[in-house]
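You will see two complexes here that share chain A, one where it goes with chain B and one where it goes with chain C.
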Partner chain A sequence: MSLEEQQSDEPAELESGVSRGDELADLLGDLVVGREEHMNAPGLVIRPDEVQDALFKLRDEAGFDHLSCVTAQEYEDRYESIYHLTKFDDRTDEVSVVVPTSKDNPVSQSAEPVFRTADWHEREAYDLVGIQYEDHPDLRRILLPETWQGHPLGLDYDQDRPQIATLREHANPLEEDHRAGDSNTMYINIGPHHPATHGVLHVETVVDGEQVVDLESDIGYLHRCEEQMCQQGTYRHQIMPYPDRWDYISAGLLNEWAYARTAEDLADIEVPEYAQIIRTMSAELCRIASHMIALGTFALDVYGDFTAIFMYAMRDREIVQNILEDLTGQRMMFNYFRLGGVVWDLPEPREEFFEKIRDFLDGLPQALEEYHDMITSNEILQARTVGTGVLPPEVAKSYGATGPVARGSGIDYDLRRDDSYGYYDELDWDVVVEDGCDNFSRLLVRMREVEESAKIIQQCVDLLEDWPEDERNIQANVPRTLKPEEDTEIYRAVEGAKGELGIYIRADGTDKPARFKIRSPCFSNLQTLPEMSEGEYIPDMIASLGSLDIVLGEVDR
Partner chain B sequence: MSSEQKPFVTDDTQVQTETRDARMAGADDRFNSKLREAFGSSPFILTKFDKFMNWVRGSSMFMLQFGIACCSIEMMHTYAIKHDLDRFAAGVPRASPRQADVIIVPGTIVSKFAPRMKRVYDQMPEPKFVVGMGSCTISGGPFQEGYNVIKGAEEVIPVDIHIPGCPPRPEALIYGIAKLQERIANGESSPVTVKPYELEQFGDLERDEIVDKLAAQIDEDDLVMRYNWADSP
Partner chain C sequence: MSLQAVLPDTISGLLGLEGVLGDVVGGLVGAFLVANIMLIMTAFAGPWAKRKITAAFGDRIAVNRIGPFGLLTIVTDAVRLLSKELIVPEGVDRPAWDLAPIVIPFSALLGFAVIPMGNGIQLADPETGLAFAFAAASIASLGIVMTGYASNNKFSLIGALRAVAANIAYEIPLVVTAASVVIFAGSLRMSEIVAVQAEPLLSVAGVTIPTWFAFVNPFAFALFIIANLAEVGRNPFDIPEAPTEIVAGYQTEYSSVYFVLIYLGEFIHIFLGGAIAATLFLGGPAGPVLPGFVWFTIKIWAFFLFTQWARSAVPRLRVDQFLEIGWKGMLVLSFANLVLTAIIVGVIV
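So, the complex of A and B:
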């Protein structure tokens, strides 16, 4: 049985016999100039100067309110931007809006007026591939230095050319000269080396007294070419180690699952049920580890020292990491999933392994009780987080926020349930939603999700324990070399620790992907920071940043 | 203490002698450190002052709180409970480079970040030491072929200790730091040489094609780093 197969490769047929693609093409009428068929969704080809009309229609009349990802790529004869649209209410209803542009004039209309999230996605497309977006409010490079020459994911890019990166003194955008004596605002660089930015994020802030007037996140300090690396690797084995390093806060298996799911759907591989249960269990362990560090560093940001909460969170993480090490042989970079299953079975003796997990799960309620005593019921933390960093649901949707950030804003959206994969369907657990929309809610969502993950792991352990010995099938039969058919395109996502982690792959008939695009949840979530912080106090901005729980490896990729 | 001693009468010299004897051997063994051995019964040791300073430096290192990528998570684990780097007199992470002796470079360095890292390194007071953590700081690691990735921290700043691994386990990091302490105590550290990628003023660069092209965009006085990917290892 394979749950992956529930999302069929054929266009979804409605009762009347009209496919979803036809229906949407009818809705858009003359705007559609062609049709494509992607494995996950129908593709509608739109002229580059009518993008906004088409997207407005799809958003307002067909209800596609979630721009999950924007993929840009270069073909031999054209450039192409693909807008992967879906719905927060119904994740399986997807459509790809394909916008081809000519080689000599790669100008396409921006989708930014329709979906705010397109801002950064299009900047990235411009930066890496070289498509220009008309009407874009601020089309600059986003990941690479401003002085970079060429667009590295374009076809004719020469990687050996020298480059120059500047270390410029950053200027206050609100003033001519920020050293002037009579000004009221002050320009502050937070990062890229700063303890509160969780890595190498650079936040350019302009403050008036203690209030943030203007804020811009400058990313790209950890842009280590993940997409290029994946495009250079073969499907079967060479890509799998990289997902571990996107969201490196021990969410490795969740990321690996994103690639495994996409590639398995692409190559039509069925995963044995037993392997799915192992995947589900280990992925949820990763989620706990990841949320623990989110908790610890959030407390670190708000209280400001390496104190008890951070150490307690690390203590619980160590236990999870030990379990995962027993299973995978690695503390962080697991490389445990394979296409069609997992690499090896549970460690022997199995009873000992299960007991270790059970011990951890038994101790968890008490540990969480401790956290609640120290964190959520603490007046100082409440004063700092309740009502600060407010992110209304409409804004969150427009920015494509997902994961705990969306669920903390009352958006009931979780891919594990809405677009189910693995073994989640068969298990009994709940999606955690809080509607406070503030930093506190996001913290609470993570803490309660740990409980839900524990429930899932518990059930998986019970299932695995009783699994008949001769049916422990950990891997499907997968050919040594995978060569998906030419021009098959697929976009699939899973629920990572930070939100919707999607991957777009276009196959070109070889054993390596022609285009490998990563939709990182943190990239979209981080975009909401100005919405949450402008007009607020600086410390609240730090708390908001902590509550977003970004990881720069995934933001920059 | 002798039980026959009368109460309320204290012989100062005797107490001192007894305490010293107790520390030297037997009863109170924890005082039998190397230092105590060196002292013997005399309160003096003979050493060179710079040797003493080296020993002090190695025994009290302030690390820079500096997270880049994956390795920084293992670095946090090394600072936190269970591994607790503080046991080895090298624990306290300082947020400001001006208060730090050692910078652990925990992750991949990309073109945009290298000038910033160089700036942070330059801000640290002398003497300063660098620990390169993980494969990325050795050669670029799994991302070596990336268009944006610097092929090792050594291209930008001098590195004293390389710790291989992706990421290295906390035990490995502790071992690396212990090795660094050993080196420092012996008065060794990497010579500061001119690195392939240096921060310099844009106006000082050789006028080639790319410099001409960027001349309109970059101020002459701006600090820049020029990368030559073709010549990188």
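So, the complex of A and C:
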């Protein structure tokens, strides 16, 4: 490696001189068969048949209550599942549980009994990489069709092999009609073509009259192999455009930051302060735009189509979009961040640009007032949303729900504060938490977060306006080619519009990642839908789905 | 009081026809005229006014490219909708599936037979006019049930079941509230109900306020308008269609001409709801300066505007809440209103 990076993994040393890894290894005792160091956390290697024991211990005795992500990958000699654990109360306390399995018998114990969120994550690992999880309640493919042959992220997968599956082999959704039985239930396919599924989501629903008895989300319609595409791009420039396409509804810059943060930590790049402020400001603009859409479409779900409130939200979002267009040159696929900074400085004339943002911020309280008049203080809306779609905090934690969904359930968890990055810890703002746990709380959280974002933007504009002209450094010196050392592993997350957007990268010494794993907040949040909806009426199920604010581009990747 | 001549008689009189021939020709020509008046209004309401109104509520402009104010959109939309392929899904119950789109608009049109539209435009004036109007308006529910079970689609079925539940829950308060007007007027005959409302209630500074029942009993008027919203299925009571929940409810499987017919039926239904409300509570075609028919048109369009306003601004209720309001709220209030009215009328009049 000809690069000057110092890849010394620094395990978080405690005062006593004992590292966090040693402490946790002591706790698990014989369960640990080896140690690794990841850049973000110590790694504990566990035997594949003792996963549950280890995770139970870590959860109950060390307080690791958040299974953020499950990464699966294949090496030349083994398969490996990594459970990225952290805490809702202390996000910077992380540990990776590494579970290697043999090549010829890739079976590993499921973590589902410990963390419900492992259900979908392990299904994805099985689907894309091919690891089998023992004890898993429902190990089927999740993103690819049932009939897919091979596991695309496995090493011996042949991309050129044609996938031929006859229609007959596909599961027929109409078969489970429940008509033959003498039950009173009815099976309905809600989606993939349905006005309220916010994209191509297929919810297989069993209803008893108007009440939802059972439902299951069928995802994968928008799977575009984003992880694989990122693995084929070089760190320096070729990966950054992809994050825009995950959560494509105005949250592009927030997603770009997830990659920027991970890759910058991996390659040890320091971002200039000025660029950090620009990043913070533009990312919060994206958050406002994204929350506006969430608000508008939630109103659609509850009000019916053609509502004024949707257009109002779009109108105000349009102003944000114009500002972002001035800044980045794009309205949707921004591609504005670069490793080590941003691509260019604020547009000239700067006064005009600041003026535009200030005008928007000045008008925002009035717009929000209008929303509160039309939405939150409406009695019918309250009758519809208060107490419906209830997601208790314990359930939310077990499912790894993050973002406004978690904060609507009273979980005080926001990566901008708890694992601070960018310029957030220099600014004055609050994390919004509502403890109603229902659809109304989630709505309120988003509306109040818009106010907080406005506060952040205001402060950033003030800072940028007074920034000395000769110190406007938008870009650190970054080598033309980045080749992080072989076998460095990192998992980093940022607070995206929908929650914790994490990326795991394993480097193999080349200029492309060996494994690029995306932890999508929508993917985890969507898992909570059955918990919220079973036993409720169809309209409440639709409202709950709207309040989750999922983007299928990010769920399916 | 002297009854005005109904439209068929006027027509046969103008044509100089007598007896059975006069009745038949006058009736047919009159019905043709009235139906076309309503269809023309619907043509304005559906493809044009609805878009413009909704857009105005949402800060948009809507159709403005074809013709002045985009009015010729009506023509292009008609061509577009009529030239679309009529898709008949597998497994539909054929005669019923085809009949429903005819039953829905024509039942609503039938209601207009007894509505006095001013300037002598009224097809018939039977003694039981009001009962006839409600009966005709309710036939539409039959059509909706037909669409629901004949479509072989679960969303349609749910929509139709919701429509029936809604109809039962709201038809009763609607009729009971209307009955309180009948107690005042002492007649079910539409022309008499209108005539009673023409008498002056009181005079304020030279302006005479007529005894429109909306002024006499505003409470009944409010009840009636709310029940009427449910009857025509608009927000917050649009649960039979509920696009974001059950796709399009009972009309999910209909396309092309059938879709047009069902939509036509919905708009005529809204106008019929407005017409009944205007006749019962707003003095029918009465009004100062302008001719009666113009006032009548203004009143039913005002009701149409009201439904569109509600649609843009009011959230939809959940089906159980909807029924709860109907059975536990509206029904009780409407009977209370009826009893109170009966007592007041009995004591004072």
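Note that in this section the second predicted complex is superposed on the first by the 531 of 557 C-alpha atoms of A that agree within 3 Å, B and C clash if a C-alpha of one lies under 4 Å from a C-alpha of the other, contacts with A are read in each partner's own complex, and residues count from 1 in each chain.
Here is the rule we use: a contact is a pair of C-beta atoms (placed from the backbone, for glycine too) under 8 Å apart; a residue touches a chain by one contact, two chains touch by 3 or more.
Small disclaimer: the values here were computed from a predicted structure and weren't measured.
Student: Identify the partner contact of A:224: answer first if only chain B is touched, second if only chain C is, both if each is, neither if none is.
Tutor: The answer is first: A:224 touches chain B but not chain C.
Student: Go through the superposed model and pick first if A:333 touches only chain B, second if only chain C, both, or neither.
Tutor: first
Student: Looking at A:378 after the superposition, I want to know if it touches chain B, chain C, both of them or none. Which is it: first, second, both, neither?
Tutor: So A:378 only meets chain C here.
Student: Of the two partner chains, chain B (first) and chain C (second), which one does A:210 touch, if any: first, second, both, or neither?
Tutor: The answer is second: A:210 touches chain C but not chain B.
Student: Let me test your reading of the model: by the given contact rule, A:195 touches which partner, first (chain B), second (chain C), both or neither?
Tutor: A:195 contacts both chain B and chain C.
Student: Counting only touches as set out at the top, which of chain B and chain C does A:186 meet: first, second, both, neither?
Tutor: Only chain C is touched by A:186; chain B is not.
Student: According to the stated criteria, A:168 is in contact with first (chain B), second (chain C), both, or neither; which is it?
Tutor: Touch status of A:168: first partner only.
Student: Going by the contact rule set out at the top, does A:310 touch chain B (first), chain C (second), both, or neither?
Tutor: Touch partners of A:310: chain B and chain C.
Student: Of the two partners chain B and chain C, which one touches more residues belonging to chain A?
Tutor: Counting residues of chain A touched by each partner, the higher count goes to B.
Student: Quick check for you: in the superposed arrangement, does A:366 touch first (chain B), second (chain C), both or neither?
Tutor: A:366 sits against neither chain B nor chain C.
Student: For chain A, which residues lie in the overlap of the chain B contacts and the chain C contacts?
Tutor: In the superposed arrangement, which is not itself an observed complex, chain A uses residues 194-195, 306, 310-311, 315 for both chain B and chain C.
Student: Under the definition above, what is the set of chain A residues touching chain B in their complex?
Tutor: For chain A paired with chain B, touching residues are 143-149, 152, 157, 159-168, 192-195, 198-200, 220-226, 228-229, 232, 241-242, 245, 248-250, 293, 306, 310-311, 314-315, 317-318, 321, 331-333, 552-553.
Student: Quick one: which bits of chain A touch chain C in the complex? Just the residue numbers, please.
Tutor: Going through chain A, the ones touching chain C are 186, 188, 194-196, 210, 299-312, 315, 374, 378, 380-381, 383-384, 537-540, 542.
Student: Which stretch or stretches of chain C touch chain A in the complex?
Tutor: Going by the criterion above, the answer is residues 54, 57-60, 154-155, 158, 235-236, 238, 242-247, 311-321.
Student: Show which residues of chain B lie in contact with chain A when the two form their complex.
Tutor: Touch list, chain B to chain A: 65-70, 72-74, 76-77, 79-82, 93, 95, 97, 107-108, 110-117, 119-120, 142-143, 145-149, 166-167, 169, 199, 202, 205, 208, 210-211, 213-214, 217-219, 222-230.
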